[in-house]
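First comes the structure, then the notes that go with it.
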Amino acid sequence: MPTYHVEMMEGRTVEQKKKLVEEITRVSVEILGGSPESVNILITDIKRENWATGGTLWTERS
Amino acid sequence: MPTYHVEMMEGRTVEQKKKLVEEITRVSVEILGGSPESVNILITDIKRENWATGGTLWTERS
Amino acid sequence: MPTYHVEMMEGRTVEQKKKLVEEITRVSVEILGGSPESVNILITDIKRENWATGGTLWTERS
Amino acid sequence: MPTYHVEMMEGRTVEQKKKLVEEITRVSVEILGGSPESVNILITDIKRENWATGGTLWTERS
Amino acid sequence: MPTYHVEMMEGRTVEQKKKLVEEITRVSVEILGGSPESVNILITDIKRENWATGGTLWTERS
Amino acid sequence: MPTYHVEMMEGRTVEQKKKLVEEITRVSVEILGGSPESVNILITDIKRENWATGGTLWTERS
């Protein structure tokens, strides 16, 4: 039943996403129990102009 | 005042979205009270490469 | 597959929640398709001191 | 440590976003304490066909 | 119309929250336009056992 | 930089949460890169009366 939302900077490959959801599902089932089919993971790709740290958009950070 | 966030796989038509927000607003007002104008609904279209169930992205599921 | 997050002011009864999730699931399946079992709804009860409109917390609004 | 998610209708300029994250970070540090670097802000641009108020999508509202 | 979600560690006073929502609403209207009444802010108080940075829950960090 | 939100049914122990955030941070850094300190994880414990699947609250499901 657990549902994961992952917010990450855009630019990751589908290969990275495939590996990530496989691994998160595995550790989730191992630690929290339940079946793999009950684990949902939703990824949000964030554009650099939409994420700020320290008051500065990541398009402005070097 | 209630605020609804709907995450759905991309590909639904504007007609489906129009009907959905109309119906959700109606049942919300009926059951929770308040005015229709106080109901906000935000839809997020999720790409198949960004949603995983059972450890597998929906681009990989048949 | 659609997932609904509902944010509402705290104080609604379990009866209201039961009716709301039943109706939202029904209209979701009718309009978007899919099976009822694929619809997940998560409710968040918000305390009045944690919701502001117009710059004022709802504990301060009459 | 505070994390802000801002949902706004699409169409705001990068200049507006720059100013907004600068100001929110400033007031956050002033009022809640902590360092600016600990403040994260994530913006979501919502398409008008994905936001409804009063049961009507904003593409339909004049 | 903008909607803000603020996640912060629990323990802030109502006075801090009052001031924060007042200021965020003010800068939002100044920079993005719209009326104050169209700005909604929802605060989530996170327990220290529910927030981790660097792989460690904040209950474990000194 | 990735931020994870985990929604799970209430009742998990702090030991499970400790292990979960440790493992998610580890696989995140392995697959996406970045430093462990840049990974934030926020857990939301959902009450059974606030989660529905198939139109039925989990308090009603056996």
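First chain written, first letter: the chains are A, B, C, D, E and F, and each begins at residue 1.
Definition applied: a contact is a pair of C-beta atoms (placed from the backbone, for glycine too) under 8 Å apart; a residue touches a chain by one contact, two chains touch by 3 or more.
Please read all numbers here as calculations on a predicted model, not as lab measurements.
Common neighbours of chain A and chain E, by the contact definition above: B, C, D, F. The interface at A-B recurs elsewhere; of D-F, A-C or B-D, the pair that shares more than half of its residue-numbered contact pairs is B-D. With centres taken as mean Cα positions, chain F sits 22 Å from chain B. Note: centroid distance chain B to chain E, computed from Cα atoms, is 24 Å. Shared interface positions of chain A, i.e. residues touching 2 or more other chains, are given as 3, 7, 24, 40, 42, 51, 53.
Pairs of chains that satisfy the touch definition comprise A-B, A-C, A-D, A-F, B-C, B-D, B-E, C-E, C-F, D-E, D-F, E-F. Those residues of chain C whose C-beta lies close enough to touch chain A in the complex are 3, 40, 42. On the side of chain A, the complex with chain D involves touching residues 7, 46, 49-57, 59-60.
The part of chain B that touches chain D in the complex is made up of residues 14, 17-18, 21-22, 24-26, 35-37, 39-45.
Contact residues on chain F toward chain A in their complex (touch as defined above): 1-9, 12, 16, 19-20, 23-24, 27-28, 30-32, 51, 53.
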